[in-house]
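By letter and in written order, the chains are A, B, C and D; residue numbering begins at 1 in each of them.
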Amino acid sequence: MGEWQILINKIREFNIERDWSQFHNAKDLALALSIEAAELNELFLWKKPEEADPEKVKEELADIFTYALQLADKYGFDVNDIVTNKIQKNALKYPVEKAKGSAKKYNDL
Amino acid sequence: MGEWQILINKIREFNIERDWSQFHNAKDLALALSIEAAELNELFLWKKPEEADPEKVKEELADIFTYALQLADKYGFDVNDIVTNKIQKNALKYPVEKAKGSAKKYNDL
Amino acid sequence: MGEWQILINKIREFNIERDWSQFHNAKDLALALSIEAAELNELFLWKKPEEADPEKVKEELADIFTYALQLADKYGFDVNDIVTNKIQKNALKYPVEKAKGSAKKYNDL
Amino acid sequence: MGEWQILINKIREFNIERDWSQFHNAKDLALALSIEAAELNELFLWKKPEEADPEKVKEELADIFTYALQLADKYGFDVNDIVTNKIQKNALKYPVEKAKGSAKKYNDL
């Protein structure tokens, strides 16, 4: 079994034990993910990038992965597939010769 | 090599080809992640959870994983470790007998 | 009539004409506000603070005010009162002698 | 003096007393606003719209207005003008005959 699936199974088990699946509709899972993303960002607020506490970054990032994995599980997405496909799509949107060294969005390139 | 490490390597290669590492400080990566999280949430706006387009959810979720993996890579975190540790911490914060069937935050339990 | 009440009335009229009140529950209004906040943040992504386009900042900020005013209207809050009260509360949480020149959160002061 | 300007002046005075202007670049102000927006959204997480605590909504909404006003002040925007202009632009993007009773985005109308 792949690593992602092992993590998903652990999260599933955690939720089943607590009878939490009833709350975990996709809309609230997406909302929970964005709230964790904001908590991650708060670690950098009024600071330089290197001033965030790595231990706290670790915690918030783990929360983000946890909700992202629950959403992937809910929709039956294979994490390896969707990320690999997205990298390929981005490679077409941001061709090396145009995008090299530029932070512009693809529609401004 | 683990699954998520393979994905990180693909993302690294993508960024090196485009010389994008210069933009990818941790603060902006966290910001990018939260913007993708908002794009995911927009798919559910004014809608019921089941009305979001799964194909679009897939795209946004892939973007979120991509930035989360870049942050894990930047800090040298092992994705399996940080997620597994977080599940264990949450199990202590939300003991089954207290948390079962409740959506309350741990400090309200 | 106060300035913000005039704006609320204009927004109300806009929504009534389009029969949009049916979608505007408080949860989705809050979600819409956070999505607009992310669009504002995207103007600063990978950039220095002064590199965001002021015209675009203006547009996104206007969207944020529009949703914030709709939420205030939904709950019957007086904008002057709630902001003034919050400034007073913050003055207690962040006493001048402790907070001067520090970006720390009140619980770390 | 208008109501918005009175609130902006109070916030300015608060920040000057604490010497906080040094932290308040536009990028971090926008980030702070989105973090407050996430805290507002957290009040609705796993809940129906009417289940959020109005007193807490009031606090978070006041924080959002406070940061939005600071950004308006930083760029020298007149709140009445930018919101009124935006409503007029939205009226063109969402003509009544097309938008009535529909939650679609303007580019899907």
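One rule holds for everything that comes next: contacts are C-beta pairs under 8 Å (C-beta built on N, C-alpha and C of every residue); 3 or more make two chains touch, one makes a residue touch a chain.
Since we're looking at a predicted model, the values are computed, not measured.
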### Message
Validating interface symmetry: for the copies chain C and chain D, is the fraction of residue numbers used by both over half? Same or different.
### Response
same
### Task
Tell me the angle, as a multiple of 5 degrees, of the rotation that maps chain A onto chain B over the C-alpha atoms.
180
### Message
Roughly how far is chain C from chain D, centre to centre by C-alpha average, rounded to an integer in Å?
### Response
2
### Query
Once you find the CA centre of chain A and the CA centre of chain C, what distance in Å lies between them?
26
### Query
Of all the residues in chain B, which ones touch at least 2 other chains?
23, 28, 31, 34, 37-38, 41, 44-47, 103
### Query
Within the complex, which stretch of chain D touches chain C?
2-4, 6-7, 10-11, 14, 17-20, 22-23, 25-28, 30-31, 33-34, 37-38, 40-41, 43-44, 47-50, 52, 54, 57-59, 61-66, 68-69, 71-72, 75, 77, 79-80, 82-87, 90-91, 94, 96, 99-101, 103
#### Entry: chain D residues within the chain B interface of the complex
31, 34, 45-47, 103
### Message
Quick check: in the complex, which residue numbers of chain D touch chain A?
### Response
23, 28, 31-32, 34-35, 37-39, 41-42, 44-46
